[in-house]
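Consider the two complexes below, in which subunit A is the common component and subunit B and subunit C are the respective partners.
Our next item is the complex of A and B:
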């Protein structure tokens, strides 16, 4: 570690905060994906596009209503309804078929949604104004409170989901369907509607994360791609269908990536420090290591 | 040989001969644009056919074929830029070597997973190559890509002639036809039978005693090699390499070609590519026309992928066997 000894510890602390904030957003995207996969065996390729549409709808509602919070709620509900409609029209007919067909169908949906957004909203990125502009001092940097708020809100939404699954009446239905689809059906649980509901919840969570993250990045039609790829990595690393695992993996991957941004600057190849842009490979490395040593996922208690 | 299989062989090879004959004559009668268009269909068709070995015959959906295609493209580009004068055979060799390397890397890790997990991990692995090509600007030209010149047909130093758009079409046709015959032979070989038995019942195949993991790795490499060959042909055709050809959207289109045309038929994916690309040409002419006819200017830029995406979703739901699915058994006899 000698070569890394002169890394200032305040930079490490700042990157820790950054890593946790992006990790929480990623966790919000990934937990929707995991929820849908765990219950329906559907790999939702269109998840990134729901994230993107959420951000766009948020931007449009923000302009008309003037309130970020109204935009957040309206966008979440609209995309959740849209998710329900998509599930009923395209995924329900595929119930009981090879899960691979659902990848194909949702891939088709993602193409349609992405191109529609490009056509309707145009190629110029849009912006969402953050609802709070306060800042605080973190060592020598001024750090926006909004980023902290994102992490807290994401945690609150995920916590709410957990409580709903654990104690809510419909939450119990969802867990029962996950455990045994046929037994749940026999007990009188309307399994097809549970699937629709779960897809709607997942879509709503994707939209909410899109609106929350909107102020930090420009909103364009292709923004879903990066996020859905990262979310896929996190979902595989955390163990497919394992909610806690994907949240832990989100934070792990984001923290490692944040640290890597500093570390690569201290690695010299031919007298030149490596570019911080190389840190984007970190999630891939985590994935490769996971597949090599624990292909069922890092945070699964007992591999099947 | 029984009379029925003899009749099957006669009809099959007659049909094959007619289609090849039509494709040989086509560049002589088609105008330049459509000549290039037909060549491009053959190249994308080869890429789709290579992926059919996995999707249709082994039951593994690859969402990472853009990586093999892209590395074939960049490998050919490297040979054409570094070796003077540009050498056709060296370009093929470089392209195949790079795509085989990529295929080995992806196969080694991704075949540890099955079904959906395999599909997702191939997608993620292909993205590693995209990121590498995008960021290593000094070698790959990064976002701007690479421009290079077309090699000449023949043996350098002995006898060479420059490619015309006709002779390039015939060259591509010869490569694609040979690839089809090789792949068809492979699917009917004992090796191909094991792949199909993995598709039907992996656990039983393993129980019988076949080393399934090794068969899968070889299948991915075989598929990747032919995808790389498609990339090399694309380099000759367009003389341009860009990171966009490595992006997973290409892999997605490859899967679409397969589903549209019919998986497990080898020719189906080529038909699927032809259908998709023709629809794209048609729709991108239709919308500007409709826009001026209905007087809605905004409609002119309506993306062709929206109606094509809807057609694709409908096919997945209602016609999962694809356009040639009805002839699947017949074509594989």
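Our next item is the complex of A and C:
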């Protein structure tokens, strides 16, 4: 490890902040995905497109209303409603069938939504103006407050979801349905509507993360792919359907990737340092290692 | 059919029910009825379709043919949650406690219904905890950490939270210690006194005969025989014929 000894600790601190911020956004995307998988065994391949649509709707509402917060709320609610409609029309009829059918159905939805966005909004990326533009000094960097705000808001939304699941009447319904769909139904819980509600919540959370993340990246019709790929990785690493595990895995993977950005710069191949861009392989390495040694997920106490 | 008809108004009627599990034909035309407030036993060897009969009534298995009437209305093919809300509760053979939910949350799945006031919820809980004080002690514990007997109490208690008109009770004493078995027979008695009807599937013949007013005997997916419980002895030839004990 001698060759890493001279990494300045302020860079490590900066990358820690970066890793946590990115991890929180990723956790917001992934928690919707894992919630949907946990309750109805549906791997939602359209999740990234709900994220993308959320960002677009946010951009449009921001232009008309002038308020980022109005855009955030309107986009979340709109996409949640769309999610509910998608679930009722496409997934509800497939309940209890081979999981492959739901994978194909959601994959189909994702293609339709992507191409709809391309047709409606065009290929030129759009931008969302961040609601706060202040910055603060983090060692030698000027660090935007907005990034910190995203992490805090993501944590707040996830925390709200947790409290709802833990204490809310419908939260108990959702957890009961996740554990035993048939017994939940025999207890009078309207399971088909619980499924619809959970899909709507997941869709709304994807949209919220799309709007929150919009200011940091250009909005385009294919933006969902990158995020949903990473979200799938953390959902598998954290244990499919395990909310806490997905959140922990999001932060772990994002931190490892952030540190790898520094570390690869210290690895010389043929006299040249490796490119920091190589750090993008880190989540995949974590995925492969997890699948090899603990396929039920890293953060699952006792495998089912 | 050898014996008298239901003594009171009919609550549940099952007519010529046929059900499949995948490709295997389990029920070949089951017919039975349960009167309001009546405890009815359903006896038969393993695999004759007793559990499937209960699941089909509950709407968890859809019948390919036949009718289920509850309070005179057809409920055949209705989703289970609607059947539950009409007043049919189900206690499955394997109990199916929500293992990660606490005892209290398990009970809430039945309590959190439309139109149940907080006062009424408390009343129902108080009554339950009087029957099963152990559940009160363990109210904050996850259901999965309870013993088998406690899980059975919770499964019955959870069903009681629905204030059902009938409980479909599937092998409640299976695998329980004798002390627990007598507690189960006490609760059946108590529910009967409160006017709750019970359709009881059991292997324990003495308990079934003691708890029920009438019994049906099933064989190969149909009801073959029907008798008044008090007219049967535990070693009656009919019991030998259908249960082989």
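We take it that the second predicted complex is superposed on the first by the 303 of 304 C-alpha atoms of A that agree within 3 Å, B and C clash if a C-alpha of one lies under 4 Å from a C-alpha of the other, contacts with A are read in each partner's own complex, and residues count from 1 in each chain.
Methods note: a contact is a pair of C-beta atoms (placed from the backbone, for glycine too) under 8 Å apart; a residue touches a chain by one contact, two chains touch by 3 or more.
Treat the numbers as computed from the prediction; the structure is a model and nothing was measured.
Student: Contacts for A:94 in the overlay, against subunit B (first) and subunit C (second): which applies, first, second, both or neither?
Tutor: The answer is first: A:94 touches subunit B but not subunit C.
Student: Per the contact definition in the header, classify A:169: touching subunit B only (first), subunit C only (second), both, or neither.
Tutor: second
Student: So in the superposed three-chain picture, is A:10 touching just subunit B, just subunit C, both, or none of them (first/second/both/neither)?
Tutor: In the superposed model, A:10 contacts neither subunit B nor subunit C.
Student: Taking the superposition on A as described, I'd like to know which of subunit B and subunit C A:104 touches: first, second, both or neither.
Tutor: first
Student: Is A:179 touching the first partner subunit B, the second partner subunit C, both, or neither of them?
Tutor: So A:179 only meets subunit C here.
Student: In the superposed model, does subunit B or subunit C contact more residues of subunit A?
Tutor: B
Student: Hey, what residues of subunit A end up touching subunit B and subunit C alike?
Tutor: none
Student: How about subunit C: which of its residues touch subunit A in the complex?
Tutor: That would be residues 58-60, 79-81, 84-85, 89-90, 92, 96, 98-101, 105-106, 108-110, 112-113, 158, 162 of subunit C.
Student: Under the definition above, what is the set of subunit B residues touching subunit A in their complex?
Tutor: Checking each residue of subunit B against subunit A gives 61, 63, 109-110, 112-113, 115-117, 119-121, 123-125, 127-128, 131, 135, 252, 255-256, 259, 301-303, 305-306, 308-310, 312-313, 316-317, 320.
Student: Sort out for me which residues of subunit A touch subunit B in the complex.
Tutor: 41, 43, 90, 93-94, 97, 99-101, 103-105, 107-109, 111-112, 115-116, 118-119, 229, 232-233, 236, 240, 275, 277-278, 280-281, 284, 287-288, 291-292, 295
Student: Per the contact definition, I'd like the list of subunit A residues that touch subunit C in the complex.
Tutor: 169, 172-173, 175-176, 179-180, 182-192
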